[in-house]
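One structure is given here, and the rest of the page talks about it.
Note that the chains take the letters A, B, C and D in the order they are written out, and that residue 1 is the start of every chain.
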Amino acid sequence: MIKAGIIGATGYAGNEIVRLLLAHPEVEIVWYGSRSYIDQAYARIYQNFFRMVDAVCLDDNMTQLAEQADVIFTATPQGFCASMVNEDILSRVKIVDLSADFRIKDVNRYEEWYGIKHPSPQFIDEAVYGLCEINREDIKKARLIANPGCYPTCSTLSIYPLVKKGLIDPDTIIIDAKSGTSGAGRGAKVDNLFCEVNESIKPYGVATHRHTPEIEDQLGYACGQDVRISFTPHLVPMNRGILVTAYASLKEGVTKEQIRRAYEACYEKETFIRVLPEGVWPQTRWVEGSNYVDVNFAADPRTNRVIMMGAIDNLVKGAAGQAVQNMNLLFGFAEAEGLRQIPMMP
Amino acid sequence: MIKAGIIGATGYAGNEIVRLLLAHPEVEIVWYGSRSYIDQAYARIYQNFFRMVDAVCLDDNMTQLAEQADVIFTATPQGFCASMVNEDILSRVKIVDLSADFRIKDVNRYEEWYGIKHPSPQFIDEAVYGLCEINREDIKKARLIANPGCYPTCSTLSIYPLVKKGLIDPDTIIIDAKSGTSGAGRGAKVDNLFCEVNESIKPYGVATHRHTPEIEDQLGYACGQDVRISFTPHLVPMNRGILVTAYASLKEGVTKEQIRRAYEACYEKETFIRVLPEGVWPQTRWVEGSNYVDVNFAADPRTNRVIMMGAIDNLVKGAAGQAVQNMNLLFGFAEAEGLRQIPMMP
Amino acid sequence: MIKAGIIGATGYAGNEIVRLLLAHPEVEIVWYGSRSYIDQAYARIYQNFFRMVDAVCLDDNMTQLAEQADVIFTATPQGFCASMVNEDILSRVKIVDLSADFRIKDVNRYEEWYGIKHPSPQFIDEAVYGLCEINREDIKKARLIANPGCYPTCSTLSIYPLVKKGLIDPDTIIIDAKSGTSGAGRGAKVDNLFCEVNESIKPYGVATHRHTPEIEDQLGYACGQDVRISFTPHLVPMNRGILVTAYASLKEGVTKEQIRRAYEACYEKETFIRVLPEGVWPQTRWVEGSNYVDVNFAADPRTNRVIMMGAIDNLVKGAAGQAVQNMNLLFGFAEAEGLRQIPMMP
Amino acid sequence: MIKAGIIGATGYAGNEIVRLLLAHPEVEIVWYGSRSYIDQAYARIYQNFFRMVDAVCLDDNMTQLAEQADVIFTATPQGFCASMVNEDILSRVKIVDLSADFRIKDVNRYEEWYGIKHPSPQFIDEAVYGLCEINREDIKKARLIANPGCYPTCSTLSIYPLVKKGLIDPDTIIIDAKSGTSGAGRGAKVDNLFCEVNESIKPYGVATHRHTPEIEDQLGYACGQDVRISFTPHLVPMNRGILVTAYASLKEGVTKEQIRRAYEACYEKETFIRVLPEGVWPQTRWVEGSNYVDVNFAADPRTNRVIMMGAIDNLVKGAAGQAVQNMNLLFGFAEAEGLRQIPMMP
């Protein structure tokens, strides 16, 4: 039984970490951190936990928390974790950081895309990018996990096998992504009001979204060369779910069978990645509430392109679920422990 | 480890029974019955179960199923279970019937409200109304469970303590109920198309809905007299959830404190019923995906009425969850076994 | 051609007034008032008006506006209009106030329910309650119109004929109302975020909502006695629409035919009130985008109650549409001028 | 005043034609055709028209209708119009066909993509593709209009200026489209039930959707060469709206300014096409209920691609609105007559 602390426990990702950890047999939550709701009962903010959680919200004191916990989840804005972490803390606890602070290895690239100065670049190197299916062994030995972004998780896993096996031309990759509104967080902004989001779909961050370099880095590692993609996210009137539709040109002579074999070879042993049968496309509803990633592809001989598709629950595999999966790897638990929720539909 | 068969496994309630039983440590599903999808892979119809369920759909053969299973769930239209059940079947398996066939003790009343002749009235008497919190001991000894309707579950549990303790005038009870669309089933009807339901709310079955006598019966048993209610259901553009707002006149001199004590006395030992704190009203989102019932009340001295409110997930406590809870009681498992899903929000 | 100014033009009601007035042949908008967006282009905040409106947002200066306009619409929080209005302004322009400031004739009652001191009680008396179908003649002669609240409009019009004709017992009236989320306004509040509202329904303001005295007053005027009602509003995950389901006990011997005649007698000449055929219930989608009120009833001999139902678009007949209808009466235009939008579905 | 008949009046497009024509000063509807609802009152099926339309639904008899009407709208499945039309009918009435029957000039291509034999290829040549902004002059002289598909309307108008001016490489065009559910029609199918569509997004018709050749043809005409595109439609949980996000590689040296000038040159005189300001992306909510097309682009120097975006209301500009616009051109009415609805939001 380990002890976990959550900083940013009242955001949607934090709330989802709580949902998962309460059902995890090896973990006890000892700290519900939330600067905005200090001293308020956590179960008054998230009434789903009424009669399950008695705790009140505590401040965001990572140093104090490091003395009480074995693992800290930071579900906080960019810059927070990097400004708090230090060698002393890292020597005491494992950290799973759900922000982008340690995802980008090149600090200049981070600062350029995020528009803030990195507060602790000295830890970037040791941080491990927590995409479990790709970096499993490194994660097991890490102290500091950079939990991947929601779009990068879905995008990378949808495209990875074909880049890795050299079946597509990396320079032609275009990613058109669609996300439910929980990805926008729980901040009180006019743009996220019900009446602004409902009955509409919109693109945002066109050609400038900050998940772009993260996806490029991961695909670049897979193929051993720099990759530049077009990435366009869209806001969809639903609570949860990310769907990625990605396009790329096939290399000369690549067949449908080769593509399928590439997906299957990469993912056949993976608990959480489901390569769907031919002609069955991912839909976000089929993974809702679960840690699954559904992927598939269509090869189009007319255009010599492949359309790669993936679906996740952005709050589970795209945030809290992956964070717990990383924790499981860090502490030697079964990787799927606490993550066997079956997708709920409707 | 017991064996379960589901007749009507491709409806929304059937699908939810599957979700719950797959995670239940004491049960194996041996029969996915669905007349409409015979021989088709179940996981092609409900893709959430891809790689979890290999079975194909079977016919609705209750006799054959009774030889293979310990418990049968019938998630089928009115009249089906009653037309299939017989002494031989009942001597072999326990039946949890999610239809209305055995909910109404007075067969004339059943036939009048449902407009069909009851095919096996001889079993009505022994059937136990499976509202676990009220009829727990009888359920344990039963062979045939009449699993309550979704509206009656939420309505009865919201009102029961005050009727039982004699704090309200039963003749003044008015129930205004609101349901998500999964309650309307998975039949292909124009009225349930996305564009017909979305962005609208409507009443239906006004003064004629068939859950009316079921609620009246249960409230009548609680107070020992005939009860007549007004009941108006509404269709809400959401997938899951029932909210009940019920009104009644308080008996002379009844205080707010008495009302709260009545709720607490009735429900303090119940795992699945949560009496909310003063001033906190039930909302369907806080119970979504779980077997919880959230209830509360407002006493209004201006009108001398009490407003009683309750929220459930119609597919869980209102159907599949309660069916599993009944199964747990029938077989001596822990009552909450397989039902500890934490409400998921957003 | 008259000139109109709107104070609070960037709220949802203000935006809807703009939509209606832009299509009104007799009106020119000369002032888009919005304290929060001063100097910003109105069509940048409401992009639907791109290339239709060139104006920038102006301050909330009612005195200055009174010199430029013939009519002022105040779509502002409680207290604003009452604190600005004075004899000089009223001598220059007509005012249609969409707030509650002048709806309640008894200033003590206003102050009790709204919790603020009334800034200008001297104008309460002359203000006319702008429910056009009831107070048409008085409106024509007024200077200051108290535009009715959304819930009171739908509730009063649904119940009025039966109270007026003495067919129901006023003391038994219970109103269960359901509203789309635009009724909650455009303020940036966590409670109104998409992920908080979507996939849920909740009651609020139970037994304490401030529209209660307004409804009671109007029904009281209709029957000539004090009326006390139970009123429970609910938030529904849709943009627009209010549905009212109201209950009351019928007076001895009242027949279904009498009830229908009462509705028809009251409303047969009304352009905007549609008494639906027997057995056809109001649904909000059938009035969306229009100024219509759909009403109907079910008489229930089992309980001797009548269920009265009504549906409106809360932003049109419940706010902006009724405001324009009042303006038409004030200036002698055809009452339906600019209000002939046909409901849009889906 | 002309007389119009609608065949397929009870589908969503047919219903929208009714909404628009009822407000059109130059048209009277004389025929509400609907095979499924013959002899039923039209306003019982679309209750929004209660008290506006008294007519009952008639059969789909085009010959008889041609004797009574000046214009016929066919909002019917593929093959219907082509199987009914003949020289005699065309000599009596103008036809605006909302199906795909006459959109593809190459009959083999039509038969290949649609999988049916074309019943009257002899009329393909004279039919004019009714994309008003592109083919205005030809439309004015036509007898038979092939009203464009919803996706092709939005896709073509979003991309047209850049293809026309030769600023992008046509072979690199990728169109990722998202549609509200009304585009799927009003047929009673499980896939379109509320609970199947709500809270999910899915791709469909991947690399095989039948609007692909229509878009390719139109873009091909614009640049004078064959064009092959990737086109992926997605189903979004909302009633109305199409958003197109399209990608293409810029030709060597093309600047952002050139791109903007291309859009403005093409569309500056168009009533219904709004080129949005820099950095403001189309959203479907801003055009809902109207005939507008909002377009814009982002040039991405990192990838040397342009992202072209467009939004329409699929039932208005994508179907009924464009049909009425075509009718206006055919009969010499003002092109925007009856189409000045202001987008409604929220």
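Everything that follows uses one rule, which is that a contact is a pair of C-beta atoms (placed from the backbone, for glycine too) under 8 Å apart; a residue touches a chain by one contact, two chains touch by 3 or more.
The model shown is predicted, which means the values in this text are computed figures rather than measured ones.
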A correct list of chains touching both chain C and chain D reads A, B
Higher-contact pair (C-beta pairs counted), B-C versus A-C
B-C
Chain A and chain B have mean C-alpha positions lying a whole-number Å distance apart equal to 37
Measuring from the mean C-alpha position of chain A to the mean C-alpha position of chain C, what distance in angstrom results?
46
Per the centroid of Cα atoms for each chain, what is the distance between chain B and chain C, given in Å?
38
By residue number and range, which residues of chain B touch two or more other chains?
12, 182, 195-196, 198-199, 237-240, 283, 285, 288, 346
Of all residues in chain C, which touch chain B in the complex?
174, 176, 178, 180, 195-196, 198-204, 206-207, 228-230, 232, 234, 236-241, 243, 245, 247, 281-285, 288, 298-300, 302-303, 305, 307, 309, 346
Residues of chain C touching chain D in their complex?
12, 15, 19, 22-23, 44, 46-52, 182, 199, 239-240, 274, 276, 280, 283, 285-290, 294, 340-346
Quick check on the complex: what are the chain D residues that touch chain B?
12, 181-182, 186, 188-190, 192-199, 237-239
